[in-house]
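Look at the two complexes coming up: chain A is in both, with chain B in one and chain C in the other.
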Partner chain A sequence: MAEDRSPTVLRIDGGREAGIRRYFRAISAIVWKDLAAELRSRELMSAMLVFALLVILIFNFALELSVRSVETVTSGVLWVTFVFAGTLGLGRSMAIEKDRGCLDGLLLVPVDRSALYFGKLLGNLIFMLVVEAIVLPLYSLLFSVNLFDPRLLLVILLGSVGYSAVGTLLASMAVQTRTRDMLLPILLFPIVLPVVVAAVKASNAIQQSLEMATIWPWLNLLIAFDVIFVAAAFMLFDFVVEE
Partner chain B sequence: MIEVRNLVKNFGWKRVLRGLDFRVGRGESVAILGLNGTGKTTFLRILATLSRPSGGSVSMAGQAIPSQSIQVRRRIGVVLHQPLLYGDLTAEENLRYYARMYDVQSGKTRIDEVLDLVGLEMQRRELVRKYSRGMQQRLAIGRALLHTPDVLLFDEPYTGLDTDAVIMLDAVLKDAVSQGRTLVMASHDLPHAAGLVSRIDILSKGRIADSISCSEMPVGEMVLRYKAVTHG
Partner chain C sequence: MAAGDANRSMEPMPILLKVLSGFSVALFSVALYMVWFYAPREVVMGEVQRVFYFHVAAGWVGALAFLVTAIAGAIYLLREESRWDLLALSSVEIGVVFILINIVSGSIWAKPIWGTWWTWDPRLITATIMELIYIAYLMLRQGIDDPRRRARFGAVYGIAGFISVPITFLSIRLLRTIHPLVFGGEGGSLAGSFNMEPPMFLTFMISLLAFTFVFVTLLWHRYRLQLRAEQLEQTKMKLLLE
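Showing the complex of A and B:
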């Protein structure tokens, strides 16, 4: 082949270090792109936020909680809010990729497809954490509970990682179907149940100021599911997005 | 450069490609023509590593598809029916994103070159969702050329382009081929394609049914032959 005359010719050659650099560069590019697009449109975050606030308000009016029941019920309400808002965000995040064929654009990139998964996972996780950070103070106010315990914040982080890990994988699968809006929650909720249960139990224990010995098993379970879900998604993503 | 043997592609029970053989050398340019639904896009998607073959073998520069897809993807620039661009990013941001994804060195300079090439330097800071269909197609062409690929796989790239853009794309493709790049293009416009490529392959019933060297036959005769093959 004739030599390229372009002054900025690209030759992507092999090499382990170059490969690793490209891998992380692709992840950061996807996160940057998701954040830049969202900062401009505010489509995804505003939908998640409005939905989360509506769920909180509905629960606040629907449940007349005594001081004692607040400690046991609010954690469930909190996680239901996160899960519902998160599902909305996951679906929209992947739908943006499907529009104008951008998912094909992602799949054409010469990096291992797990990089695409981790890029989308990080973007989704950031959106979810931002929504949670906005929702928590309001929640604390409405239900008169202290949600700013560092242990609770750790549970929220671990729960969100597990939820986003499996959610990103399933959203990538659902987005390729015509019934993607219905399919995602149907696929996601049963699979993510262990994460949600562990997160609710751990949050409950923290709210009730129980000893760490009671909380640790749930935290361990959360960590274990996070690892399993991320590892499984890492291995399966290529097959899921394959036509 | 590209070698395809006995390629089969099934969608469920439907067999779209039925033992397709295809070969194109380095620096060659080929247009694939055929009626709607004959599998042109499917074939290009397989070459682009976006779709897995159901049978047969496909290789590009000695690298097999799908087992060495990452290496193949480094070599190809693809234009599909959709522009593969983000509406909420500007043209410049879209190219910056793809430059990072393809690890393009001197990305900013290359982006300037590409925007200049496709005639969008004045609209570089406009959101892509505000672009017309033709402008999006121009940018999609720029995106495909950004990482200076060896092989161009263009699926009906002239769709939605105005006359200026058609002239621009003709020049870009001729220049690319003159630089030794390989071009495989799906098209519906035989006379236009004949003026651009060295060979026309006619896809019919899931196979390359005929192959015409553009230097050896006048366009009128090619059209008659195309009709005979596709409707015969």
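Showing the complex of A and C:
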């Protein structure tokens, strides 16, 4: 698709390599734009963080988490927290684009639309990872569990990639509907559930320090879903932003 | 132009559709008769096992309907002709109903065999998620006014949501589950499994065929209704503009 859309642009820039460099520059420009806006306003990140802490707080009362009982539910509580906070971030990050007419501007940029998708995906992923990076140590402090296992961090990274991949696609759809904030979780949760289930199962197995033989199937599943979801969203994104 | 539209909306039901409707009713009656009177009573489970024939057939129709939606959605994205979108929508509506039949009939079967209406088993969960995805599909469409955007988003969600169908199908083959696997597995030890005798197999095949015909018939009727609704909408808009 890239070839038939911007052949002239490629030629002006002197060939294919420049086109590829241009593509990555567009992605990084979008990511940078999101980060810079967030650094100045800090509204998205602070909302996600406060929300995440509130979810953990509610879980604490609902499940009567104590240092002893927390072991078995940690991965579940963490993932529900990430998923809820993630939804908040995704909805907001796309609503900003839509409401201030920024999306129309981005669509006019003469690069492939998928650059826009990957840019937003990376931005959303970074926001989610930052929130997770703050929630994780806080959680281990509050409930005295050790969460610093590189395998667990890998699972969280993979899970977040899959989640943001589907989330970015569906959030760009949801913001263009009448019932946007209500609709996003309803659209997103059932589709992204395979990723979340695999991530929870893998995290749980790691938490309970089971041997790698039980962790691998879930990890493989997680990677497979990541690949499927990124590829599907990459192909479908064009149709979602087209006007 | 207006007269042409009026003529088109008066268009009689195609002969083939009439024949198909009659045939579906007849075939369904045969299937019903076979399920009740021809298929032998299962030794262990008794009469309730007869739920099996329609339970699996309804699940099959649901999966088939969602496949039709995904394919029609893909064609819509390529061609942008609204009839493909109407076909996809019609198919989802039917699929949602049949998966509901599938879940409810499974529940009726589960009560005496597993001793509970519902259990958190991978198969039951994946089927429910599938149902929720397509209910979300209908809600997504309700939230969009512009018909072209509605069609495009519907197509995208129908394609993305289709991943739940193979997951549901494979869930009893890959995961540890108490759901019986009647075909191609050695799930003989699970509660609810049974060996299929030839009359049972024949009854099952006829049920499957009957449900497939019912699906095609319903889809065609629903599609025609959607086309009419669209024509009505266009006529209304035209009258409003005049």
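By our rule, the second predicted complex is superposed on the first by the 224 of 243 C-alpha atoms of A that agree within 3 Å, B and C clash if a C-alpha of one lies under 4 Å from a C-alpha of the other, contacts with A are read in each partner's own complex, and residues count from 1 in each chain.
FYI, a contact is a pair of C-beta atoms (placed from the backbone, for glycine too) under 8 Å apart; a residue touches a chain by one contact, two chains touch by 3 or more.
Just so you know, these numbers come straight off a predicted model, no measurement behind them.
Once chain A of one complex is fitted onto chain A of the other, the partner contacts of A:17 are absent, as it touches neither chain B nor chain C. Of the two partner chains placed by the overlay, only chain B lies in contact with A:107; chain C stays clear of it.
Legend: residue contacts after superposition of the two complexes on their common chain; A:242 is shown touching both chain B and chain C. Touch criterion met: A:36 reaches chain B, while chain C stays clear of it. When the two complexes are overlaid on their common chain A, residue A:64 makes contact with neither chain B nor chain C.
Looking at the superposed arrangement, the partner reaching more residues of chain A, out of chain B and chain C, is B.
When the two complexes are overlaid on their common chain A, residue A:173 makes contact with chain C while staying clear of chain B. Residue contacts after overlaying the shared chain place A:99 against chain B, while chain C stays out of touching range.
In the superposition on chain A, A:190 makes contact with chain C only, while chain B stays out of contact range. Overlaid on A, the two complexes show chain B and chain C touching the same residues of chain A, namely 242. The touching residues of chain B, when paired with chain A in their complex, are 26-27, 45, 48-52, 70-71, 73-74, 76, 78, 80-89, 93, 97-98, 100-106, 109-110, 113, 127, 136, 143, 147-148, 150, 179-181. Looking at the complex, you find that chain A touches chain B at residues 1-10, 12, 18, 21-22, 25-26, 28-30, 32-33, 36-38, 40-41, 43, 96, 99-102, 104-112, 242-243.
Note for the complex: chain C touches chain A at residues 77, 129-130, 132-133, 136, 139-140, 142-145, 149, 152-153, 155-157, 159-161, 163-164, 167.
Contacts from chain A toward chain C in the complex involve residues 166, 169-170, 173, 176-180, 183, 186-187, 190-191, 193-194, 228, 232-233, 236, 239-240, 242.
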